[in-house]
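There are two complexes below, and they share chain A, which is joined by chain B in the first and by chain C in the second.
Presenting the complex of A and B:
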């Protein structure tokens, strides 16, 4: 590479004024140094987070990683920013519709002063004006690899630390370390150099998640395992990875959660709560409530116990440098949206967990911690043995989680089944309910 | 005590002191010691593990209600949950299908006098250390009797294995891919104790009265099958059996009075005479 290297450290910036061919390449960030323990841990100031109801439609799409703009049903105009009515024909028949992400960079500027606390702490900050292929001209946060105007650019909607969608201008072709861009790292939750807790390393899914985080460059992965006397395959292999430390963790036991939090919560940057109990009963197929209770105890109360102990620690470290605390991932299920009656009590526990996870998201938001909810369809494991394919491979689920963190996505529906159920649920929840009752 | 007994034993021999005063006096002087045979109830103590498709015994779990805080400013207390067969626990005959139709077969209806009884401790510690699947044999029992005399009717027989010294739950449970490997009685020994010695019950240090591989014996789980089928009891997850004499200890082990209960966690204590 002959291109100049763009330093990503503070107070240094490159302002290119000519062509995209001279775009700087993002330098890979180094492993953050140990912090000076006599200095106060910086607390977060959130970026501006006020949005009107209409504008939240933009955030809703971005939460899934989609770039959607308001399109007029009457005159087909596409507009931004969001409004109550079409800017061209005043029709109120506006639909959020996915848009092509290409555009032309019109001009760029570098912010060197801001009275907004979030940007003030992150100056200089580069912005650009982009004429979208979809129509509107929009202001974007610029990735460091985007050269000066004029030039082609990709635009994406991302959820910022305040939980609101913002527009980001990407280079058409990024370099190997483009994820290390200083601005992008603020907008996403990249696992690189971060310390991760995976709550259950005994399941195939848990082990796939651990490997995916190790591959993604996580600094350290703590892997919880309950009931150590129950031998299940694969845990020894996971434990042998140099980044991995096995830790006793049983989400049914408040003391176990408290003890682990006391030991490591102050260092955890990403929590991945994948521990779950899944049995395949409805109401009549199993006498008693013990199975439903076991599901609820892990899937719902387990999340509650974990969030009470680890949540405050993550919130306190959400602005702690390049590898700050950043995200909380909950493994839910597409059945959380609508009951799959043959897995009825499991569905109910996941619906409860989904509701609690929304509460967690609201409580983590003031600290800028992203709560990511993952809604897989049937996973290819023992408890879905009788469910016909397609089933989600554990590794596919794990990769979807890492991708969501890298992309700054909040709601993940990995796999064909989840996508299809989501579409049916969006189209008409009542129809889906009746269809699922039939499948039982 | 308001009244000091000078020499209770001498007065008892002279039939001038009530027996219980003798006991109280002996306890006060340390002539009789009380030994705790109970594991502490803690969330980390393992529970019986069955295949996941079966119903499961709850482990011990505990949550604070308040601790001199905003939830209760002047007091500390907890809620706990567990199964009837969690921690050091008692098995009633109704626990097993072979004892399900016997009279007084549940913890609430067993005559309370049964909860105080002598104990014979058969030392299988060395054999169990050498073989985790060790099965106590009739020969082991006969060897014990040759040294310590015949097991009296109505006594507990406790199998000392020192298994309770395995403080790490993983070592205590001792699972591999073929299941659990813990010592217990052979089918013949269990049957012999019931039919030939009329014991009150059988006690063990491991998580069950039967060996870890007891499912593969004939009949499966022979100690449960024979003991409970004959209205006898079980004690498991005992500890400190190494502090008991081979004979002469008295166990006090009343389970909780749970209606139609199949068993219960309990405090097991032993009265032991010190040899002065």
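Presenting the complex of A and C:
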């Protein structure tokens, strides 16, 4: 009889080699062939997305890439599935705390039948039961490189296509192409072989993002540039990359957005909306509303225009094969959480964009498209000239975006400043407000 | 020291009835409960009003409970219970009803396990089966209990050396028993090659390791022995009964159940050793669970289940008659009625009502239950020893 582990290699998208003793190594996926335009574009069926309120704490941590479980403040018991009280001492003082990722693989199974459409379309599907070093026994989706039981395993949390956290069992030592695992690719938004729109290629950040996506194996990068007659440095270099196509795009102009959407929206897999206007004023430092209006026009209304044109197209292609539409990235700011008064109108526009992005996330979720919000602290660019270091290098920001897509993370706070502001905001938003007022 | 519990002496179980199973029904659970209670009345000859206690188990009754059923069926019991323990509910309804009768809270208790099965109701009930299932198992492949019991079976096979053939023995013998049960959904013999070649569901579980969900009901009456004699009803007596919930919670995976915690108590109540039993009706949601019950109920040691099934025939005329109705694996699983199947069959066996599948000269039988996979295992275990009335 064939062992269960051997059977899992029956896999159409990931070619694997098998050994009797070790797990199969993930083979790099090939570039998807051009699709047959006569065939119907497959529509998404989401995995089960219902969770209790308590269990959403697990998703909240995973949205930032953390693997956290409920820990009891009184007796230190770690528990799963999530509960309303400590199963050991009945305390209700339960905190979501990061946990060590090691565990013991107790057993595995390969589903050949599922009651749910999402999984039915993706059979066979491998599952494991893991005794975590942290204590509880958990059910996990198994990475193809995890061998048969018993053995050591790593466990992490990922957001699945329904936007809910699930546990994944990883091999202790992954191979070079482990990200190409069929199951893992469903949980992430790896740019490899995907077509990307970067809405502004004129800024240092935009150019760094374009280069990062090219390096990450993006098939094609459309790079927007408003007002093409205004020449800025670097754009020609970007345009010379074979994967890059420059496209006119002005987010303040609804017609410009509509025209571009008509050409490419049906092909875009990842939208990166990095276009922004950033001026350094509060309220009293500049009379009138023209600058604040310009910030809002790009930072908020630009996102709205873009989302109305490109959102539906992405939703329609979210199950379109190996390089399906998968994610939408918004460049926000840590100032979206709490106003930085010397950049007051910019903060307000980013707060508005953040709120709109939450709305977009809710609307994209039924299609399984992930909305990634990026909250950098001050970026090392012209508009933060007066802000003291540390400042986030554009390349670091770009790499953080690619990493978030690869890791399936939903909220990213790149850099030390963003991390510190986040910690202060989490600790007490009112205290942070007072502190920021002082810094102004 | 805990006070010694009162025995179940003087309690009779009578009138085993089955509402014939159908794969799918357009009726609601109420219909099956109504048919079951009507059958209890018809077979016993008692008046409807004489039923003054109702103990009910059903998955598909929602949003109703036993309460709504009283109005639906025009019953006015003075004692009512709703037992949501699924596969363990037959044993647990009997325990509760027996105590009500002994205490005088009710004279005649109808115990009913009933469920309907619409074309899509099984899938829908799985996704909302429990908080833990919704949060921590259903999003993982949505295999339902098949996935959980695949883990348990795989682990048991690896740890104790069981093979698929060992589980096949159980299933093949139960099918042979089912051929003598007119209510069984499966009417054809099952051969070992057919069992082994069946399609895979969740490795190592294959098609004939799984029960077939269906609609139907099983029911019986609980009353005093005296009352049963007065009414001229064939009946059995209760020699002992146990239940346990969430036993061995720290085990990383299920390989032993609550029966093990309480079995000494069970046999002490009955004053017998396991070897004195003439048949067993184990809970067989999956064959590995029946094998684990052989161990945990003391018929063999832990890990000896595979050797035990190799050494025995489990047909009704065999050396170790098990699930003489065919069990759920061959009779079908009519929801909560699956938790009553063994109880109803045991009463039939001990009242000479089992037709061609009669276990010769049986005077003592054991029925065990196992219910409710809320997360990674069933939580409820129970068992009862029934005996022929003197």
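FYI, the second predicted complex is superposed on the first by the 419 of 440 C-alpha atoms of A that agree within 3 Å, B and C clash if a C-alpha of one lies under 4 Å from a C-alpha of the other, contacts with A are read in each partner's own complex, and residues count from 1 in each chain.
Convention: a contact is a pair of C-beta atoms (placed from the backbone, for glycine too) under 8 Å apart; a residue touches a chain by one contact, two chains touch by 3 or more.
Just so it is clear, the structure is predicted and the values come from calculations on it, not from any experiment.
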Side-by-side fit of chain B and chain C on chain A, or clash: fit
Partner chain(s) touched by A:331 [first = chain B, second = chain C, both, neither]: neither
Partner chain(s) touched by A:229 [first = chain B, second = chain C, both, neither]: first
Most chain A residues touched (candidates chain B, chain C): C
Which superposed partner A:250 touches (first chain B, second chain C, both, neither): first
Vertex chain A angle, Cα centres of chain C and chain B, expressed to the nearest 10 degrees: 140
Which superposed partner A:417 touches (first chain B, second chain C, both, neither): neither
Which of chain B and chain C A:127 touches, first, second, both or neither: second
Which of chain B and chain C A:290 touches, first, second, both or neither: first
Gap in Å between nearest CA atoms once chain C and chain B share a frame through chain A: 39
Chain A-facing residues of chain C, complex: 122-123, 126-128, 131-132, 134-144, 146-147, 150-151, 154-155, 158, 164, 199-205, 249, 252-253, 375-376
Chain B-touching residues of chain A, taken from the complex the two chains share: 227-231, 250, 252-256, 288, 290-291, 294
For the chain B and chain A complex, residues of the former touching the latter: 43-44, 46, 49, 55-56, 59, 61-63, 169-170, 172-177
Chain C partner contacts - residues on chain A that touch it in the complex: 1, 4, 7, 47-52, 55, 80-82, 87, 104, 106-116, 118-119, 125, 127, 129, 131, 137-141, 149-150, 160, 162, 164, 166-167
